[in-house]
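Paired with chain B in one complex and with chain C in the other, chain A is shared by the two complexes that follow.
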Partner chain A sequence: MTVTFLMDGKEVTAQDGQTLLDVARENGIEIPTICFHEATTANAVCRICVVEVEGMRTLQPSCIVKAATNMKVQTRSEKVVRARKTILEMLSATMDLSEAADIQAMMKEYGARDERFPDAVRRESDIKDDNPMYIRDYSKCLLCWRCVQVCADDAQFTYAINFEGRGYETQIGTFFDKAIPQTTCVLCGQCVGVCPTGALKPKREFLLEKGKTPAEISVMNTGRKQRKPR
Partner chain B sequence: MSEINLTPLKPAIEKYIPLGRSGLLPALHAAQKIYNWLPEEVASEIAKSLRVPLADVHGVIEFYSMYYNKPVGKKIIRVCTDQACALKNADGLLHHLCAHHGIEPHQTTEDLSLTIEPSPCLGICEQAPVALVDDQAETNISTDFHTYEVGTPRSIVDGTLRILTANCGNGPTSLEKYGKYAGLEKAQALGRLEVIEEVKASGLIGRGGAAFPTGIKGEGAERAIGDQKYVVCNADESEPGTFKDRVLLNDDPHRVIEGMCITAYAVGATKGYIYIRGEYPYIVPVLEHALSEAREAGYLGEHFDIEIRVGAGAYICGEETALFESIEGKRGFPRVKPPFPTTFGLFGEPTVINNVETLCNLPLIISEGAQGYRKFGTEKSPGPKLFCVSGDVAKPGLYEVSFGATMRELLDLAGGVANGRKLKAVLLGGAAGAFATEEHLDIKLTFEDLRAAGLPLGSGVVLVYDETRDMRDALHRIGHFFAHESCGKCYPCQMGTQRQMEILNRVAGGRVLEGDFVRLQDVGWTMTDASICGLGQTAASAVLSAMKLWPELFEVKS
Partner chain C sequence: MIKPDRITTTTCPYCGVGCTLQLHVKDDFIYKVTSPFDSPVNHGNLCVKGRFGYDFVYHPKRVTTPLVRRYLLEGKPKPEGREQVYAISVDGKPIPDSQISNDWDWVETDWGTALNFVADNLVRIYKRDGSDAMAVYCCAKATNEDNYLLQKMYRALFRTNNVDHCTRLCHAGSVVALQQAVGSSAMSNTAGQVIMNDVFIVTGSNTSENHPIIALQMKEAVQKHGAKMIVVDPRRIDLVDMAEMWLPLKPGTNVPVFSAMAHVIVKENLVNWEFVKDRTENFDEFMESLEKFTPEYAEEISGVAAEDIRKAARMYAKAKNGAIYWGMGISQLSHGTASALALIHLAFLTGHVGRDGTGLNPLRGQNNVQGASDMGSMPFHYPGYMRVDNPENRAKWEKAWNIEEGGLNLKLGLTTTEILSNAHEGGIRALYIMGENPMMSEPNLNETRKHMTHLEFLVAQDIFINESGAFADVFLPATPFAEKDGTFSNTDRRVQRVRAAHKPRGQARPDWQIICDLALRIETRLGVSTAHWAYSNPEEILREMGSVNPDYAGITYERIDKVGLIYPVPTLDHPGTPTLFTESFPRGRGKFHPLDYVPVREEPDDEYPFILTTGRLLEHWHGGTMTRNSSLNEAYPEARVEIHPADAEIHGIRNNDPVKVQSRRGEIVVRATVTEKTTVGVVFLPWHFHEAAANLLTNDALDPQAKIPEFKACAVQVFPARESDLPNPDVVVERGRY
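Moving on, here comes the complex of A and B:
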């Protein structure tokens, strides 16, 4: 079954059940995304992929809304652009985006200003360096949820991390803030792989950036057991 | 850290073990009753018993304001500092209490005897200022803070009609006094589909704030296919300025239960839940007693029974899908819709979820028939309606009128603006509502008339500010409220409520920056347009209305 509808005034055809985001990409229409990842369940958290659908009161997240016959979709209406730009400006006033190149590019494209929100309380936290595999720098976390999802039902089923706090004060955390080795974490690294901002980073990369040489790193006891000589 | 004795925990949470994860909130409540807070060992034991991941249990504790993962006082005083109480010097009360006990707000005394916290609206606005002291309310606290009433708050009920509130005003109504469930019996004689047709014909519109036609929900759930269907009573009344459901639940619980029974019969549901906010602990025993009376009388039992769930301090759980998540033992994150509750609701099954006042209309609709019911109200807003009138009026209280009364008529019933002063503004529909002024007084309080005027009916809040009030204070409280209550799931609301609060704090403090007006508008519109749920979509509603009415408040002072 296929459906036909209008996207930015152009007639497009989609498979029944296809998301608007998917259809847009197939048709060369660029819709930005932040929280969306092929490997995780789409939760429509970041709202950066919202589009305007005629007849709907609010903007719709294209990552989950399915194409339907006779839909009229605007992917870059004035409302859409205002929402995207404001979300990007708020992000910039909230966390450290220095290692989020995609988002910086988006900001440029939408004319989003770094200093739009003066005197904003930023989310800052110390780097958590508590295991040999990865570090956690939540000052860079934009709460895309991917790490929590892959740690749980989307991939690894370890449930080592969840959320702390609520609202603006939300942060990813472990049971009573335990160090990673004291949790159910199996150091699979999937969370590091899906992190879009460098908030989760391989320990080795972190040390290399700090100026350590590979030789220095190899003699550091990062917790890896030395193999017993046979 | 002192040793925690886990011996009393096991028997206390035993009955929740078969519920699995859904037993998490009740188990945490039970544990907190024993230990006063939730130490790591206790959380860990609960996690193991209910087979919930440790990190998830911690995530739940962290989400709800009334769960504590650090020691707190044996006694907790929660002083309401929201809109109506603020007009009655709630800040003074909070500071008086703190100074008296030598602590700051949010702090605990060194001997762990007392914690004092400011609280979002406690739903007792007509008897402001108020505080919740453990499980009891302290109301009508005097200006010198020395005299007050303690216990379950009184019900102050009046109006041109006394239909929904017929049994309200004299404490809980027993089943004997309520009489048999005549509406339910008539419904069973009519047949399921006839009941749904009757409700549709009555034109009943949901009273919780979202204004959805009740009959359509019932029809959707009746048609939906599922292993088990649920009826949920949304008693998480938390919209600042709203207290109608508190009065209905406490004084006339059988009307609510009968409404649930009628719904369950019509859609074929076998299980019901009443989800009541954690700030109404004094109503829980009333509901428990009423449920046992209904069981004894045979209205509840094998075919349909009702369980009470108590919230733990989270406004977002009034959002229907967040409420489901909460019953399921999770953080109260709203879900993406569609799918809608009628097909995919609680535990993924077809569910009808209705507000307390909405449910209370059902026995009336079935007993009187749709035509009889339509004698009240207007064509598009049929029936009686409850309004929560508070703030600067002579006689704050719950007023029942026929839909179609104007705001002026309602204020006249409440004795007009207090102390002979003039009206500055009315907050209609709560923090998620909008401000109205003198020029709106002759608008009929119906869904259609208010919509035409660009105003919301919301949950029936009419909160009055007299001419002496500084609206910047009201606005900064609204800003704080939403920043405190945002769940943090979607970006527009998670960051927008914070940015909105920051700007409103500048407005209140006379520190407006160049560009704040446009900034506030962009944040407001972005939350309204792009948020995932009703909380974010209305978090700027009152602020944007104030910007239209009083743009000068948001200007840079030179």
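Moving on, here comes the complex of A and C:
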């Protein structure tokens, strides 16, 4: 079964069940994405991929909305561009995007300003360095949900991390805020592999950035942690 | 943010899954590993070892200069007292000079000197005692090219088949059983096909820890594709969470359990008669032997409820696509061959082999154990599993290696375990070890230690001085995976590229270059014509091998550049063979073998009431040469014995308590983990930890056909011990993972 509809005025054909994002990419139409990842289930968390669909009240996230016959889709209408720009400005007002090169490029493209929301409270937290493999710097986290997903049913089936807190206080965390080694975590680092902003980072990359030399880093794992039993 | 100088795509050096790694390199230092999400085997997923476990490459204890013992340099006789060989103590501190004879010191030297000492001594011993005195351990961690050359050196120059590697200690039982029953010795299908199964059996494999990425695919098959998983294992492993059934059998009772399943399949007429008639032989004789394996008989021996055996048998037999995945719980027994045959019979009876989504799938342990075996690193086979006692095969390799007619040895060589047990006057005198660590991986290590000291000359070619290298006379510093080019063949026969991320550290050299250099020196001393050692790159080595071994004939580096090829690849335009046996088996018909139940060699008794079963941990790799010298050791720094809460209570043992585990052969002190992950009467130990080596306890009884030792079952006793008895009392693992 195929469906035919209009995207940016052009007639396109899609397989039944295909998302608008997928169709757009097949037809060379660029829609920006942040939380979307080929290896995870799309959840429309970040909303940067919204498009305007005639007859629908709100903008539609193209990563999950399926193509349907006779749809009229605008991927870059004024409303869409304004929404994307605002999303980027809100992100940049509240978190550290210094290592999210793709998002910085998007800000430039959409003319998003860093100082749009000067009174915004920045989401800041200390770097969590609680295991030998990777660090977690949630000041750089935009809650894209990918790490939670690959830890759960999208890859690892380990369920070590999830959202904690509510509303603006929402953050990624472990159950009861336990240190990573004490959770079900198997240190596979699938989460590190899908993090778009550098919030999750291999320990050795982190140390190298901190100015440690390879020689200094190499002796670090030779010392044994001393802990008291029980 | 760090910008990498380059990103090198290569294949993971740990397990047999064969994940694609991208090494991010800055100033000749790998600081990050990623994996492309379109990678053929792992789809971007990695485990802790692949993603974070590469830092052994830079560990300060790595040796990058050739070393020889002082006695060699000074031309003195070899000193007595080889017990004191650990110039580096277990904590990495040098042992005070006063405790060691100076003659036994390691002295740094240059390659020429070191290789000349090796060539001189090997040739001296060969000329004096002949082929039977020479032996070599190839290496399932090294590349196909390295292994091919090392077995070539020993077969062509020293005319011996005493060539083996650690496959003997892991899947020899499976290999021999598959050879007997179907005439092949690899997984029949790819691991990725698990999502096409509707019922699959996982047995003797803690897949989540030992083949983590295949475990993900198994979980995906269950969670997203509706497959049903049957776990048959004495431990309540992680996969049990998602299994339809768990049959907790007593270690070493595979034959009755799987034969009882076969019994049910026959008695309830669930047999695929067409398959049995067209594709197999010896069914009637097999049927006779099957008569006594009723589920009730199996229950009595194994502890698995007869009704569960029936249910599992029906489930597997009635599946559209059924498959079996197995690990060392099947093969590491004194009847490992019979255990594997019992599984093979299930596939024969039901016809669950020879189609996509079915199969007989031994999960091979090492990154390149399949490849090393393919390369002829075995005492009975040339590359391509050509028997060495067949003169026709011999003629082919004589031609390839420029050897006079009838020059190669027809006599079957000794296996890994036999090589060491024959280390004495009149037996094996010189041993060459590439990358292996028998002083951790052999059973009954106290005995192994004695054998090691009886060798006249030992060469270690490795990246660290491990427990075995400590006995060596010459140490040749080789390069790990990140510093060399070549190929690995993974568990499902996919041949993939290995690429150097940066130049070798110090004076270290890739194994294939060391072997070529040494072989030329040996040829000069023997005064023989050359067997060809002048390769300008590893691909020439693979092509030479492929010119005689049809499985690899169609493989070139260009063809495997992106996604590898699954052998057999007989021609240059052949697309590879993911599913084997679609038309027939290599031996023609699949052969049923009548089986009998033979108990494990050492059953528990009043004095040693527990069965000890050994295995591996997610965070560590085998003898620990790599992982114990990396940050993985921080994630899991100590050995722990797993004991069931019911047993622990009787013996007054609480979680984290120090306990002494003792067998008839040795004892170690470790902390206890009181957990229902193990079953009543069974204790589990990982074997990675030299300070509490599980193999001090294990039984060196061998399977008569495969010569694989019985690592999976021996009798032990467990006593409470004191904190001060622990090798490292300050270290406690605090891990929440299952």
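Criterion: the second predicted complex is superposed on the first by the 221 of 230 C-alpha atoms of A that agree within 3 Å, B and C clash if a C-alpha of one lies under 4 Å from a C-alpha of the other, contacts with A are read in each partner's own complex, and residues count from 1 in each chain.
Convention: a residue touches a chain if its C-beta (ideal position, glycine included) is under 8 Å from a C-beta of that chain, and two chains touch if they have at least 3 such contacts.
The shown structure was predicted, so the numbers you read here are calculated from the model rather than taken from an experiment.
Engineer: When the two structures are overlaid on chain A, which partner does A:Asn131 contact: first (chain B), second (chain C), both, or neither?
Structural biologist: After superposing on A, A:Asn131 lies in contact with chain C but is clear of chain B.
Engineer: Which holds for A:Glu209: it touches chain B only (first), chain C only (second), both, or neither?
Structural biologist: So A:Glu209 only meets chain C here.
Engineer: Looking at the overlay, does A:Tyr159 come into contact with chain B only (first), chain C only (second), both, or neither?
Structural biologist: Touch status of A:Tyr159: first partner only.
Engineer: Looking at A:Thr184, would you say it contacts chain B, chain C, both, or neither? Reply first, second, both or neither.
Structural biologist: Both partners, chain B and chain C.
Engineer: Quick one: classify A:Asp22 as touching chain B (first), chain C (second), both or neither.
Structural biologist: Touch partners of A:Asp22: none, neither chain B nor chain C.
Engineer: Determine, under the contact definition given at the top, whether A:Tyr168 touches first (chain B), second (chain C), both, or neither.
Structural biologist: After superposition on chain A, A:Tyr168 lies in contact with chain B alone.
Engineer: Considering only the touch criterion stated at the top, classify A:Pro118 as touching first (chain B), second (chain C), both, or neither.
Structural biologist: Once the two structures are laid over each other on A, A:Pro118 reaches chain B alone.
Engineer: Output check: A:Val45 vs chain B and chain C. Expected answer is one of first, second, both, neither. What do you get?
Structural biologist: first
Engineer: May I ask you to decide whether A:Met90 touches chain B, chain C, both, or neither, giving the answer as first, second, both or neither?
Structural biologist: The answer is first: A:Met90 touches chain B but not chain C.
Engineer: So chain A touches chain B in one structure and chain C in the other; where do those two contact lists coincide?
Structural biologist: Touching chain B and chain C on chain A: residues 183-184.
Engineer: Across the complex, what residues on chain C touch chain A?
Structural biologist: Its residues touching chain A are 1-2, 24, 26-29, 31-35, 37, 43-48, 51-52, 55, 58-61, 92, 208, 212, 216, 219, 223-224, 242, 618-619, 630-635, 637, 656, 671, 723, 728, 730-732, 734-738.
Engineer: Any idea which chain A residues touch chain B in the complex?
Structural biologist: So the residues of chain A touching chain B come out as 34, 43-48, 50, 58-59, 61, 64, 79, 82-83, 85-87, 90-91, 93-94, 116-121, 142-143, 152, 159-170, 173-176, 183-184.
Engineer: Spell out the part of chain B that touches chain A in their complex, as residue ranges.
Structural biologist: Interface residues on the chain B side: 40, 43-44, 53-59, 62-63, 69, 314, 331, 336, 483-492, 494-499, 502, 506, 513, 519, 522-523, 525-526, 528-532, 537.
Engineer: Where on chain A is chain C touching in the complex?
Structural biologist: Residues 38-39, 98-99, 101, 131-134, 150, 153, 155-158, 178, 181-190, 192-193, 198, 202-205, 208-209, 214-215, 217-222, 224-230 of chain A touch chain C in their complex.
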